[in-house]
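Look for chain A in each of the two complexes below; its partner is chain B in the first and chain C in the second.
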Partner chain A sequence: MFNYLAKKFNLVRLLRKQSTQNANGKKQSGLKISPHLKQNLETLKKTFKESNDFVIREFSFGSKEEPINVALVYIEGLVAKTSINDDIMKPLMYDSSFAGFINTYQPNDIIAFIDERLLSMADSIKVSNLEEVVEGCLDGHTILLVEGETQALSISNQGWERRSISEPQGEVVVRGPREGFTETLRINTSLLRRKIHNPDLVLEMLKVGQKTRTNVCIAYIAGIADDGVVQEVKNRIEDIKTDAILESGYIEQFIEDAPFSPFATIGNSEKPDVVAAKLLEGRVAILVDGSPVVLTVPFLFIEGFQSAEDYYSRPYYSSLVRILRYMGFLFSLYGPGFFVAVVAFHQELIPDALIITISSAMEGTPFPVALEAIGMGIVFEILREAGVRLPKAVGQSVSIVGALVLGDAVVSAGFVSSTMVIVVAFTAIASFVVTSHSDAESIIRFVMTLLGSALGLFGITIGTIGILIHLSALRSFGSPYLSPLAPISWLDLKDTFLRFPLWAMITRPKTIGWNNYQRESLDLIPKPPQKKKDK
Partner chain B sequence: MARNTRIIQLIIILILITFFFSGCWNYRELDDLAIVTGVAFDQAENPDKILMTTQVVVPKNLGSEGGNGPTFINVKSTGFTVMEAVRNYNAKLDRRPFFPFTEIVVFSKEIAREGIAPYLDFFIRDPEPRSQAWIIISDSDAQDLLEEFANIEGIPTRALRQMIERQQGAMSNIASSDVVEFAQAFHSKSRQPVASIIEIKGEGKEKEVLLKETAIFNEDKLIGTLDRSEGRGYLWIINKVESGIIVVEEPGLSNDKISLELLLSQSKMIPRITGDKLEIKIEVSMESQIAEQMGDLDLSKHDVLQSLERRQAAVIHNEIMAAVKKAQDLRTDIFGFGQAFTRKYPKEMRSLEAKWDEHFPLIEVSTEIKSSIRRTAVQTRPLT
Partner chain C sequence: MKLEGGKIPANQLVFLIIGFIYGTVVIINPGRAAGNDAWLAFIVSMLVGLCFAAIYVILAQRFQTKNLLEINDLVFGPYLGKLISLVYLWYFFHLGAIVLRNFGDFLAGIIFPETPISVFLITMVLICASAVRNGIEVIGRTSIILTIITTIILVLTSLLSIPLMDFNNLLPILQTTKLKEFLTTVLISATFPFGETVVFLMIFSTVNNPKKLKLTTLIAFLFGGGLLLIQAIRNIAVLGTLMDIYTYPSYTAVRAVNIFEVITRIEILVVINFLTMGFIKVTVLYYAVSLGTAQLLKLKSYLPVVLPIGILMICLSLLQFESSFENSYFTYTIYPFYALPFQIFLPLLTLLVAIIRGKKGVPG
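Take a look at the complex of A and B:
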């Protein structure tokens, strides 16, 4: 539909034209580093438009007669200053006099010598392109340019202010690791490495966003993840030609399979343990610099009902909770819609004792029950939105006003029946049980309420069929969205409605980890110690 | 692309249209309905007409936020047919009567004697009324049963329904049927319907109702009654005794009584045709426990219990035979003996069925009762 509108306004053609122009206009700076230091610095200054956080530190060292002029360029705030002082400048200016330094006139000898003998930094690479210099600066590297050399050293000593690792607000657990991803990509990848001590964990870097040049990392475990899926993820991300990637949500919206569906086809998590578990099932993770939310694909419908804690606590209660989640999900989809349908169309379905209670509560309310349901649904969504965005202290007063004024006064004033308030309130609580699908839940809840109030249970049936058709047509990076339910895979039901004990979960999910199917040996069930058959 | 958008447009239009269907598509607000909990039929003054009394609840006086007014009202309407009377309510009542919660249908004895099938047709044909409503025959005017009497529920119809259901579970000596059971028996050639009779006692504040006995119908006409022990006899035969107290006299010289509380009972009717003779054997196997003894019997003795068991069996046998005698005298097969024969002897029954009311009284009924007393509750010795 958006495409349709865009077409209508001739936007598509206009934009196409522009984007081809952009593509032609690119690649203007394939500039090599010139041996003239001053010239390089001028070019860089121009490139950075004289921004004042772009720092050039020129100095020289070596013998008085034949000093070697060098320059350090970096962006203030992105680099660790102490390391520039102690590990770059000090060795060059002080230690070089002891290093038996001999001037030769082979090109790039000085650079090599500095790199090999003087610099006490772990991570440095030689670059020969001004574009790489700029990129290095922007990534927080310190670049050492040397007069007369056509190479420069890009020294990695990033040191910017970063948020420390803390417990993610959105995924609180009682039992399980508390650490969460941060906004810094390197820290995030290190968190994954620390979970999976295995060289098979592959981290591939990409740069996305023509203006922001954001680092995006694709993580997967070679030998478990499907190569096709990995390649597809890479292709889709590389195809993103946009200005800015400010959050992983940008990536998600550019690469998802079903952009028009209310259901998310890409999962996300802020917890390294969750992402590690998904990687180990054969999924691919996408980490975006600047975002603590890591994407995982393929994402299945049932993943929304799984929580990390399910696997950390023992299976019985986990299974119970799992079932409750499905119930909560269903209730939050159908609650108001079903209630309206039954009360306005199929009163005979209500049990004898209940109908009197319901009808006495509805007595004297001025609005039709359908309007009540939709109105209260809107009120709830507004309350929630208000509560989420406000600071904590104010947010609380919103919930108090919401609960007391709307919940109580509305009923005692006779605007809305108390049963409706109960239904809407319980639905609201139920919708928080399955957070992954909560967007879809809210939308579908409204649709169901409308259908239920227009057509009764007939409408709800139509809506349900529509949702099921839609869900079963969805795919996420090649995996059927409803698997293992449709197409059914009996073995994978071990982790769907019930959470089987870990020793019984022998295989990875079929549609995802099929090329490395078995994840643990058989017969891991704990047993009393057996008598050893001695020789 | 163009085709896609057309489809999307079409879907949007279709969805939008659905919201306008709502007006006349059975959308009924709950507060436009008068919930009918019971219906009573009497003879109107005009002998061709029906006097229909319905009990509707007044929701605003019920529930936690209820007012102090009456919780129910009884509204009368007349018509040549039931449906006409129902429609006539629209001229008398401010809400549309809504029948799915009808719990009882009361008929006066007068109407029951003439036949209740014409009235029941509405309850079976119309989709609205629930067919699980109990059929009650009122000893006096049917509408009086819907008037206030001593009860806890607060709504007379609901109280009557509770009484019938409680009685079945705790006493099991008055048979009752709902609309469907009645209609099934009515349609069957080899079984006749029954219903409960309720009697009103006292006036004004002391008014109370009493489940009195079981009505026997031939086709749809009331022709006789079973008293309570005959009623339990009937229920023994059709395997519907759920619980109850069997009172037997103590063995020995004293006339002290012992109450046996029924725990479990199963019964079967076994038909047999030998020559021209139709026989049926009622097999009852039941267990009870001693609920109370008024004398001073030592119940720890095996032979005492055995003699009690024998007495218990005798009581059951007598109840069964009394019920059979009553039914056979009235030539009305309320037990469904005909059905039992049809199941076992379908060929023979084809000729017998037509004149079943002549064959039924000739059936020889015998009983075989496995009576056992399981335990003596928490006491073995008498109190004294």
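Take a look at the complex of A and C:
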């Protein structure tokens, strides 16, 4: 054992040593662009290890006697080829002869001249560092290097294959916008901009991941979002020192408040309207390049029960649906556990007529009721997992085999009682009502079943108190997770169990956007038009 | 040295006090001796309890951010103060053990007759320990939800019992009980549960708005007393004179509920109430003892003492009574006189000495 510990210790020491070396190695880079074009190109070739998608196009233009040698470097597939042809090469090689180029040519401002007079590209910046050249290439920029110059032009003409905007599969709505985020960061930010036409919407870019150098964007509305939360988000993201950020889930796991909790403390959505609404309540959104899932913080427990559609349809039915969601959540947590507890310990709770039905169904089944509940729970989770990963056509056959054949056969063969199948099936349906907390739901359901089978309703109550303690102790970026329930804030109950009419939602949530709390004027309730006095 | 950095808003204190007052009374009926006048005895004892609470609140407001132990140190000097603090801590500790034992007796005696009592004590203490370790903020937040659930359940069970109620059972008023019995009941229910709120002297200092303490405590007492009153009236109206016979009248009263043969035997709801409210009561006492012990021993954090105190509490609650009958004998005859010094004499003495010696807490 001591050997094992010593090895661990050595490993940790080794890792520490390596990380300091890495830090030292990083400082050495930062080479300036040299005036010799050939030398620059050699360095770049070496940097890219002769990768075959790294393209160098050398050409020259200007007078025959004093040609200007330039080179375009870019990465094949990340740039728009037509734009290079029409907007970079054509002006330089062809249009330059008409622009009085030869006459005004002076060696020291050639870069400025190209940038200001020749290129017909909207977005270009001057760089003077080879590192910036490399980074620009990797971001999909086209770099123009000029012989004899210590600066280069980084021209933004990214163009790669991208998925078109489509309706997200996970968040389907009947009423409301159908568009969803895509994998491209710029498109996602533009979707947000199109929802909120306001210069106060701030987008801040960060680069995360030492190997992947992924673009991460923090979005918030200045004046509504709490500055402390914004700073905290930035700090936490900047502290991530890891190789790769491939999806926003990576960021989520590195910055969440409660890494050991089954409950998520960071929200996510694929819909721009949802994210815009959260931003307007004072939350901060984190967009990650390459992921259509946008994170929002702080995330409260009750957000799992809110859906975008609640706000688009009229309040009465949305309130009813919301209460049903809470019921579904409770049922999916307690369903099997409660059933097991009642059948095993508290039979007196069941009405007389029902207990006869239940007991006759249970007669002859070989396993104790707790084992049935846990076994069927596991079967359900397996069926669900099998259905999710398969293509749609095969997935349907899995659900038919699983639900109809297996469910029916298991009862008629006398393995499991039909009551248990009903309970587990309904629990499964109920668990789909609240998707945000679904992973916590599954885990807690098993725990509750175990507690219920061991200690009856006493166990379940104790388990519930335990969960409550855990939830009350959680915080998401400074906001108590259970607010507005505990700590109670009466104003925010307007959007918790019931969805009040929009004209009654005067304030923003108290724990999130309270430094600018009024979001609408007081007297918005629709009234019949005022009658004229003389009538 | 600050052992508890958390602050709770005044509205959480309301829920905490309500939960604490309603605590064990869910099951155990302190107004046993008064028969069908118990409800009246509750009202009187609530007023007496309010007088007790007035002393605590005045004391707490005089010393703003100081808790009970710090007040003792200030008022009685470091040595005598420590001794008095120790006496208080013993009381909180013992009370916690008694509440735990009530739990165990009820669950092992009525609900799970074949399970040993220690199972319930250990589970309960573990869950309370996790709350105590999370600090007063979490205890406060948990109490909100639990108290609201309990109130709903109490109102629900009372509404469902309406068909069984006979309000003539409440009559005649003050005819069948002698004055002595009535006063005994008042004494019993003033010390249990109202006087037990002396433990909140450890918690008043964490309330972020000490000026609201008076109003907060008044509301909490009225609401908590109201819950007791609803329960007492329900039990008397359903059970009538039989109420004195049962050890756990609420349980028996709700047991009789039968709506269309569908909602029957819902007494388990009373058990759930008992568990949630008892949880709050044990947790508050447990928290006070842990914090106080750490303060007395000058520890940097109270976390290391939480589990040992819990284990000792389990041991004491197992050892102190031979049987549940001994427990209820103790509750009705000895406990009121045992508790009075801690609940009224010591706080009153502290207040008087503080006034005479001119000791005051520095505000802020």
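As a convention for this text, the second predicted complex is superposed on the first by the 509 of 535 C-alpha atoms of A that agree within 3 Å, B and C clash if a C-alpha of one lies under 4 Å from a C-alpha of the other, contacts with A are read in each partner's own complex, and residues count from 1 in each chain.
Quick note on the criterion: a contact is a pair of C-beta atoms (placed from the backbone, for glycine too) under 8 Å apart; a residue touches a chain by one contact, two chains touch by 3 or more.
Owing to the predicted nature of the structure, the values given are computational and were not obtained by experimental measurement.
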item	value
Contacts of A:456 with chain B and chain C, given as first, second, both or neither	both
Partner chain in contact with A:345 - chain B first, chain C second, else both or neither	both
Touched partner set for A:356, first chain B, second chain C, both or neither	first
Partner chain(s) touched by A:369 [first = chain B, second = chain C, both, neither]	first
Chain B versus chain C as contact partner of A:269, first or second or both or neither	neither
Those residues of chain A which chain B touches in one complex and chain C touches in the other	345, 348, 352, 455-456, 459
Partner chain C, residues of chain A touching it in the complex	345-346, 348-349, 351-353, 455-459, 461-462, 465-466, 468-469, 472-473, 480, 482, 485-488
Residue ranges of chain B in contact with chain A within the complex	1, 5, 8, 18-19, 21-22, 25-31, 33, 35, 57, 59-66, 98, 100-101, 103, 128, 130, 158
Chain A-facing residues of chain C, complex	9, 11-12, 107, 111-112, 115, 119-120, 123-124, 127, 130-131, 134, 137-138, 140-142, 144-146, 261-266, 268, 271-272, 275-276, 279
Complex contact set, residues of chain A against chain B	1, 3-4, 7, 343-345, 347-348, 352, 355-365, 368-370, 418, 450-451, 453-456, 459
